[in-house]
Every structure is written in C-alpha cells, then in structure tokens.
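After this come two complexes, each holding subunit A, first together with subunit B and then together with subunit C.
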Partner chain A sequence: MPTELVMPHEAVERFFGRLIDEGPVMGPRERVSQPGFIHFDWLSDAADLRLNYQTTTIPPKKAFFPPREVLFEFELTDPLKITAVREAESFTLVGVHPCDLAALRMLDDAYAREPAEACWPANRARARVIGVDCMPDEYCFCTSTDSCYSRAACDLFLTPIERGYLVEVLTPAGEDMLRVSDVSEATDEDREQAEAFRREKAGAMTARLDATPEELAEILESEEHTELWKEIASRCYSCGSCNTTCPTCFCFDINDEFDLGLTGGRRMRSWDSCQLAEFALVAGGHNFRRLRWQRVRHRWYRKFVYLYRTFGRPYCTGCGRCSRACTADINIVDVTNEIINRARERDRQGVQG
Partner chain B sequence: MIDHDAVPPAEDITRFYQPELARVIGKWQMTEMMVLLRLQPASGERLDHAPGQFLQISLPGYGEAPISFCSSPTQTDSFELCVQSVGNLSEALHDLRPGDFVGVRGPYGHGFPVEDMRGRDVLIVAGGIGIAPLRSLINYMADRRRDFGRVIIVYGARNPSERLFVEDVEAWDARDDFETWFTVDEPDETWTGMTGVVTVPLREVEIDPARTTAAVVGPPVMYRYVAMELLNKQMAEDDILFSLERRFKCGMGKCGHCQLNDLYVCQDGPVFRYTQLIGRTEAIEVWAPDEQKG
Partner chain C sequence: MDKRMVRFGNKPQIAFFDFACCEGCQLSVLQLEEHLLDMLNHVDVVTWREAMSEQSNDYDIAFCEGSITREEDVERIRAIREQASILVTLGSCASGGCHNDLKNQWPMAEMLDLVYGDMAEHFDTIPSRPITAVVDVDYRTYGCPVSLPEFVTVVKRILTGQRYEPPNQPVCVECKLNDHLCVYEKGLVCLGPVTRCGCGAICTQFGDPCRGCRGLMDAANLEAAVKALTREQAHSIVRRVVERYRFTEEEIEAKLRIYNNWPELKLEESVANDD
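And then the complex of A and B:
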C-alpha cells in the first residue's frame, strides 16, 4: 500500500508553484494561441496548470521522445568530427492520466529490449512524474486495456476528492517533492471519495472492446480478415495521424540536416508512421507494404498481436486518440469489435453448419 | 524505479546512433553502378563480422544505410563493402576517395549460421548484387575449405558487363574444389557461358538434399522461383537460407521500418531460414503470393 495523503485545494497552486521555482515543469495547459485547447507544454505559472482536462491530442510521451530531436552534430572537417548532444537538465512532468502512464511503461519496456536504446531511458531518468485521475469521454476505453488504474512510471498520483486531491506517494522521489505544508493525513472518508471517483470513472466508460486482449490476439492470429482490412482501408487516407497521436507508437525516422554553409549539420531522429506509403519502401521501388490495407492491418497486428506476444500486454492504452484524430472516422473500438464479432459470427455458423 | 541521479553522459546516450569513424583505404569501380570500398576502422579495432551481417554506413549530411559486408571475416586488417548507386547516400559514397572518412556502426543482425553449416554441402544461389554478401561467405569457405563439403556456386547477372567481383569469380572457377555455374539473362558477343535466369543452371545442379544447405540472395523476384526449384530437389525448408532486404533506419530493432510481421529483419535476420518465413504474410518475396493483389 502506498502512503496516501491529502493535498487540500488551497495548497495545490503553492505546491506546483514551488516545483516550477525548482526547475522546468511540463504539464497540461491552454495553448497560448488557441484558448480552450489543452496540451502538454512548459509551465511558467502554476495558475496555468489544468489538472482537470480531457485527453490531449499529442500524448505526454513527447517529453521523453520529442517529435524531432538532435542525435549528434557533425562537422565535415578532415577527419570528420561527430559530437554528441543531449539535454541534461532534470524536469517534472505533471498531470499525466493513467492511460498515458501505462504508455510510458510500455515504451520503457520496448526501448529496453536488447539491444537497449539509450535516449528514452536517459530522458526518463531526467524527470519526475506526477499522475492525475480523469473522467472518460466517449472515445476512452481504458477499462478494456487494463490501463484505467495504472500507476506505472509515476512518483505521485492525484485523485480528485472534495477537499482537494488524494495523493498516492509511490516513490522516494515522490516523497521528496512534498513538504509538510502541502499535505495532511488522509482519512477513511477521503479514501472512500477517491474510490467513488474511480467507480464513477469506470461506470462512465461507454466504449469497450468485446473481447479480452488474449481473445483478441487469438482472433487476429486465427485468420487473415483480409476483406475487413480492405473495407477499412478504402476510407483511410494514409495521413498517419493515428500514429502521431498514439502514446504507444515508438517508430522513428533518422535523417541528416546540413547547416546553410554545408560544412556541418546534425543527425535528427523524428516520429514516423507505418501508415505512410514510403515507410517500407526500398531502392528499386520495392515496397514491402505497398497496399494501404496492408499498412492498416499492420497497425492492428503490431499493437494487438506482435507486441502483445512479446510484452504480455496490448500496446494500446485505450486512450482513444487515434479515433479522435482520424478524419475518416476510423474508430479503433468499432473496427476491433467488428473483427471480434465477425470472427464469433463465423464460429457460430461453423458450429451450426 | 528510475534513478534520478543516474543520467549518463551524452556520448553514452547517443552511442546507439552514433557511428565510429572508418577510413577508405581502397576504392574500385566494379561496374557503372557499383563501387567496392575497402575500409579500416580509425580506432584500429576489428569489427569481427560474420558472413551475411551488415553495418550501417553513413556520410554525415547524406544519411545512413545498411550495407552487407562483402569481405570474409578471415580478412582481418580491413573490410569491404560493395555499394550500388541508387540514391542520395549511395551516390555520395561513389565520390569517396582513399583517405576519406565515413561513419560506421555494426556489425548487426544474424548472418549465415556458419557453425551449423560445418561439414555440410553448401549451395550458393546469387542474383545480381546478392553476390556481395555471398562473396563474404564464399571466401570464408575458401579459407576454411576443410570445414565444408561440396561448395556449389550458382551466380546469375543481368548481362556480362554487370557481373561483379570478376577476379573472385575467376578464382572460384579455377578451383577444383568449387563447382561453379555462371549465367546471364542478356548475353553479348563476349559471353560464352550459360544464358537465362539463375533457375536455369540451378535446375541442372545435382545435390544430395539431406547434406545440403542453400544460401540464397538476390532481387525480391528471385526468391519464390529459387525456393520452388530447391523444394523440387527435395531440400528441407529448414536448410534453405534467404537474406532479405527491407528499409532499415536503426538496425537495432527499434525504429520499426524493417518489420516483417513480428520479426525485425535487422535483428532476427537479415538471414532467415525458409521455415521462419512460411506462414508470415509479409514475407512477400518468398511466400503469400496473393498478398500483392488489390
């Protein structure tokens, strides 16, 4: 059992204000140029923090895996010179929903698989993380992916209660962040309110998958479902938004940039998308996932079969971002349930006939 | 839990992506499209590759690409790469001169299982630039000749002027203990050898299927026909090795570009047994012929 404390309303701004004074803090806030739009960004004033927010468009993984980052710089001298560049400053990432916490742990595991990648864990080691509980919208389905109550990868976790937040202290680093004036002991009443919040959250979840992750993997493995992929793909634009908004997608591209003088530059790592036509293209024009339906299929199999079999859990947190982002209305819950239900229907007919 | 005091220094973090320097010590234009580069790590250390492995070569500013070792690991003072000019980086690699530096990371991937091949007959099937990784294996077997049974080399090129490693090919041909079959698709007046795609001589080759391992590298279109030919010879699927090409970015099982169903070609391959590929829908060059329709 983690220690549970209470941070009353009046202490919240002071607490985050102090974190901001201590070092950089990234958290959910309104985009300056777009009032009402909440995204993860650096905070200079605790009053800007929005702990009660709906799922952001871009997940907080960007704090550790930025959309574009420099791997190293080079100078075309003789011999050529290569210089490593890394951010070293520590920071705090705050206001992360349980599904996004689950995603951080998934990327911890994916990047740690031998041979282990080093940028992700180095960036993770720079940051303390504070999670916060939330209420679902019609796209969320985290109860189907076992991430609704995730406390992975965080030092403190906040659950809204009447007098403020119930604070779960999960690590020594989390304990370090708190001061006596921030918190008081939690009572049974506080704990019951937090429990009630979680019950309300699960009860408010309208979207769900009609099979367990294991049943879904077995259904996907049992047959090709080619017709369905072709139907879905006929609506897809291959825009890649489903990947760029996904907290568990970790594929990337590597490209070089020259400075204007052409005497030096940098090697960049950037987010990539398996839905883009050139993702699997090689010289000579061979494309190993030439057809759109093959790319659509790949996204489902990677998340619900390949990575599921490797790591023992689906690489989908149920955050619903891909469905919200898709202008072609390709909804991950609807498509997945269609696969499940068609497979079950076929099974029933098989048994009868 | 994360240890917040344990952020390693920048060089250690980016080591995963950061190449070491290697010096070009020789360069030969083999054909219009192909150069052979001989390289030496600037550190003086050996790369110690296995035949069939690859490295990531880079020219900062132009990018990075996977290239197979084409020299034998028994050649220890340097290593060789054969580069086809197809795009940005490969064209720039054609402009290198001896003394220039490039970046290299590797060796990576699973090459040919030479330990498992000891004592067995080895049937090499090379199409076009596929001869490059196979030259590494062939010259390795030449230096360790007693470790292997028969060595049979079937090599097909589009036309006589596109044949690579002509000196090696002549040396293999001259050995009594190598059996060689050379063919070209489009002969010219200088050509006295066989004509036709690589399956034409392959059909004639007689093997003892139980004793033979086949190592096959060529353009994607070649694999399915070679597989049929080898299965006709009663070879076991497990004894047929294919080296596959995919788009690579990281070479270390992370960027996702090379994925073939659940396999990462850069890590689990690039050399696979046919048995590993059967049933995997994305092994489109060796299997799943229906995949490419509509």
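And then the complex of A and C:
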C-alpha cells in the first residue's frame, strides 16, 4: 500500500509553483486565444494549471512524443554532418488522468518491443508524472477497459477530497517532490472521502462495453462483420482524428525536409494515422487497405485483437477522445456494442435454427 | 555550378504568369520575403509582373496562376507549355478549381450580358477551367491563395529533381497535430474533413473554419458529409452545427462547389462511397 498524504487546498498552488521553479512543467491549461479550450502545455505560472479539467483533445503522450518533431539536422558537407536535436532537460508532466496513465504504460510496452524505439524511453526516463483523478462525461468508458483506477507510470497521484487532495506517493521520485511541501498524514476520514470519490466516478460512468476484452477479441476474430464495417465506412471521412487524438496510437511517419538554401535540412517525424488512404500504400503502388471499410475495421482489430493478443490488454483506455473528436458522429462504444450485439444475435438464431 | 542541381546546367530562369485570377498567389509568394533570397541563390527570375518591370520569353520554369476562361488563354498557356521545361500551377484556380468555375452553372451568353451588358459582343468567354484541364502540368500547388509551405516544398523538389505528390489527407490531420480547438465545437461548419491538407490548417489555427480552398482530397467521402450534416440529431461534436443550421443536401453541395466546380460538382454522383 502506497504512502497516503494530504495536500490542503492552500498548499496546492505553492507546490506546483515550486515544481515550475525547479524545471519545466507541462500540464492542462487554458489556451489564451481559445477560452475554454484546455490542452497540455508548458506552464509558467501555477495559477494557470487546471487540475479539474474534463479532458483534452490531444492526449498527454505529446509530452514524450510530440505531434511533430525534428529528429536531427543535417548539412550536405563532405562528409555529411548530422546533428542530433535532443532536449536534455528533465521535466514534470502533471494532471494526467488514470486513462492516460494507463496509456503511457501501454506505449512503454509497445515501443520497448523489438525493434525498439529509442526516443520514447529516453524521454520517459527523464520525466516525473503526477496523476489526478477525474469524473467521467458521456464518452468515458474506462471501467470497461481496466483503466479507471490506473496508477501506472505515475510518481504521485492526487484524488480530490474536502480539504484538498489525497496524495498517493508511488515512487521515490514522488516522495522527493513532496520533501518541502505542506503535506500531512492522511486520516481514515480522508481515505474514506477518496474512496467515495472513486465510487462516485465509477457510478457516474454511463457508457460501457457489453463484453469483456477477451469476449470482444473472440467476437472480432470469429466474424468479419463486413456489412457492418461498410455501414460505418459510409459515414467515415477517413480524417484520422480518431488516431490523432488517441492516447495509445503510436504510429509515425518520417520525412526529410531541405532548407530552401539546399545546403542542409532536417529529418522530421510526425504522428500518422491508419485511417488515411496512404497509410498502407507501399512502393510499387499496392495498398494493403485501399478500401475505407478495411481501414475502419483495422482500427478495431488493432485496438481490440492484435495488440490485445500481443500485450494481454486492449489498446484502448476508454478515454472517449475518438468519439468526442469524430465529426461524423461515430462513437467507439456504440459501434463496439453493435458488433457485440449482432454477433450474439446471430449466435442465438444459430442455436434456435 | 551546383552539383546537386540535377536538371539544369546553369541557374534556371523562372517566370510567373497569371491567367483569370486576382494575382493573389503571386503576391503571396512575394510575402516569402527573406526566404526568396535563399531561392535566388538557385534561380534567376526573368518575369514576375507583381515584383519587377523586366520581362523575358526565355525561361525554363513557368509558375502559372489563374483559370482558363477564354480561347486566347488556351493559346497562351499552350505557348507557355511549349517554352517551359517545367510548368508549375500556382494555387487552386490553376490546379483544381476555384471561384471562377462557379460561372459554369449558367449559360456563357447570360454571364457575358451580366458582366459586360451592352459591350458583351466585344468579349469572348468559355466555361472556366483550371490550367491542369488544358495542358500537362509537372507540379501542382493548391490553396486560395497558394499555400506557401507547399510552394516552398515544390521549389525545393524542382531544384533537387524530385517529384511532388500533393498530400492526400484531410485538413483535420494538420489541425489535430496543431492541437487546436475543433471549430465544430464552436458551431461552425468546417470543410476540413474532406479538404486536401498542405496548408498547415492555417484557418483553424486562427479559429476560422476551413472553407475548402485546396479542393477535395482524392476519395473525399461526400456521402459522410451529407450523412453527418443533414441529420436531425447528433450527440457529438457536430451537435451544435446540426442544431444551428439544419442543412439540406443542396446547401452542402453549394458549400462544396465554391472550390470544386470543375468539372461541375454533382453531389449525387460523387457520393457513391469510396473506391
């Protein structure tokens, strides 16, 4: 059982202010030019931190894997000169919800698998993470994906209680962050309030998947549901927003960009999406998933079959970002339950017939 | 001589030409300012009406903006094609379709009367079309005005002897990577989901919706647009738009037509889903 302490309301801003003084801190804040829009960004003032935010469009994985980044710069000299672009500073990522904590651990596992990716673990190793608990909205379904109570990849975890936050100290790095803070031992009353918050959270979850991860994987494996995928594809723009907002998607594209002077340039990396027509296009012009419905199906298979079979858990955290972002109104819970229900209906008819 | 310049022995001579348009693409390229100096290390500009007085008919690379709307335009672009080793279309008028093509919805004689009245007999007009519909083109750039990052990319590709395939992804990709508020949440209709990216999602960066100036991407799902925007109810991000506008199919068609009317946009023909 981790150490549990209490950080009173009046100490919260001081605590994060001190973290900001110590080094870079990224957390949820409002964008000045877009009132009400909360996103993960660097903080210069603890007063800007919005710990009670609902959600963000882009998940906090961007702290370790930016949407666009320069891998290295090159100069076309003889011999070729290559300069690595590395941010050496360590930083603290704060205000991460349990679903996104679970996602960080999933990406740890995915990128560690051979051939291993080098940037993610290097960036993760130099970061401290502070999680915070939250209340669901109509799109959240983390109780169905085993991430509602995740404390993965996290040094400190905060749960709102009456007099402030109950702080779970999960690592020595977490303990170190609290060393000069005004925290006190948690009482049974504090623990009971935190427990009540978690109960309320789970109880407030309106969206849920109608099958366990194993059942879902089997249903998806047993039937191709081609007609269903075509129905969904007819509504799908293939805009990729379900991927670009997903905390567990980890595909990327790499491009070399010359400067206009043509004496050098940089190698760029950016997030990619399996819903885009060009994603599975290979040299010679063959496209492994040319048809839209094949790409739609691929996302479900990827999240709930392939990676589930590889890593033992669905690569979906129930954060609901893909459903929120979909301008075609395609909801991951609705579609998944439709798949489940159609399969079960067919089974029932099969038994009767 | 630059050894990396595979196509040209000397600095290539470049020229800018305009057809029916606002010349906004030429002006936009001028806004590259200090980047132009880098470009001038590699090229000589011999004709550029918006930037210089000198003119020359001796050029290797022609950048052409605007639409073809008269028989004499057809002759002129063919002559340019004849002279230029490389022909680049600049912006949507020249590359895919733009406002000019809207006139194609009405008889040409009616359009002449409307614009020139008594003097109509002195003018000639044909249905408006992009340059790409008249001559073979080596490189295309889109946007209204032309997207400058794409222009710069194309110049670099030409100078290094590489092809350029315009991106075939929607604006949503760039908008999401920018981590910006989806303008649908503000109750604004955005054509980002069906529009070819490459602009850096510049409009949504400043809170405006995408109006589709780079044209539809290949295999844009217009059936999805009709289904998403004409529905009675929505529970997601499109809710405000659906409740506010109550779109009809005709209204969606009209929105799409602004930059996609060559050949004439017919929604019922293009909605046949996917591939």
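Simple rule for what comes next: the second predicted complex is superposed on the first by the 349 of 353 C-alpha atoms of A that agree within 3 Å, B and C clash if a C-alpha of one lies under 4 Å from a C-alpha of the other, contacts with A are read in each partner's own complex, and residues count from 1 in each chain.
Note that a contact is a pair of C-beta atoms (placed from the backbone, for glycine too) under 8 Å apart; a residue touches a chain by one contact, two chains touch by 3 or more.
As the structure is a computational prediction, the values presented were derived from the model and not from experiment.
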{"item": "When subunit B and subunit C are modelled together on subunit A, clash or fit", "value": "fit"}
{"item": "Greater subunit A contact set [subunit C / subunit B]", "value": "B"}
{"item": "A:A122 touches, of subunit B and subunit C: first, second, both or neither?", "value": "first"}
{"item": "Partner chain in contact with A:T245 - subunit B first, subunit C second, else both or neither", "value": "second"}
{"item": "Contacts of A:L76 with subunit B and subunit C, given as first, second, both or neither", "value": "both"}
{"item": "First, second, both or neither for A:C236, with subunit B first and subunit C second", "value": "second"}
{"item": "First (subunit B), second (subunit C), both or neither touched by A:F258", "value": "both"}
{"item": "Which of subunit B and subunit C A:L291 touches, first, second, both or neither", "value": "both"}
{"item": "Partner chain in contact with A:T3 - subunit B first, subunit C second, else both or neither", "value": "neither"}
{"item": "Which of subunit B and subunit C A:S184 touches, first, second, both or neither", "value": "neither"}
{"item": "Least C-alpha distance (whole Å) that remains between subunit C and subunit B when both complexes are overlaid", "value": "5"}
{"item": "Subunit A residues contacted in one complex by subunit B, in the other by subunit C", "value": "76, 258, 262, 290-291"}
{"item": "In the complex, subunit A residues that touch subunit B", "value": "71-72, 74, 76, 78-80, 82, 84-86, 88, 90, 110-111, 113, 115-119, 121-122, 124-128, 171, 173, 224, 230, 250-256, 258, 262, 265, 267, 269, 272, 274, 279-284, 286, 288-291, 294, 298, 301-302, 305-306, 309-310"}
{"item": "Residues on subunit B engaged by subunit A in the complex (per definition of touch)", "value": "1-4, 6-19, 21, 23, 42, 58, 60-64, 84, 86-87, 90, 101, 103, 219-220, 245-247, 249-250, 252-257, 259-262, 281-282, 284, 291-292, 294"}
{"item": "Residue ranges of subunit C touching subunit A (in the complex, touch as defined)", "value": "2, 4, 35, 38-39, 41-42, 152, 155-156, 159-160, 168-170, 172-173, 176-182, 184, 190, 192-194, 207, 218-221, 223-225, 227-228, 231, 234-238, 273-275"}
{"item": "Contacting residues of subunit A [partner subunit C, same complex]", "value": "31, 33-34, 37, 39, 57-58, 62, 67-68, 76, 138, 233-241, 244-245, 258-262, 270-271, 273, 276-278, 290-293, 323-329, 331"}
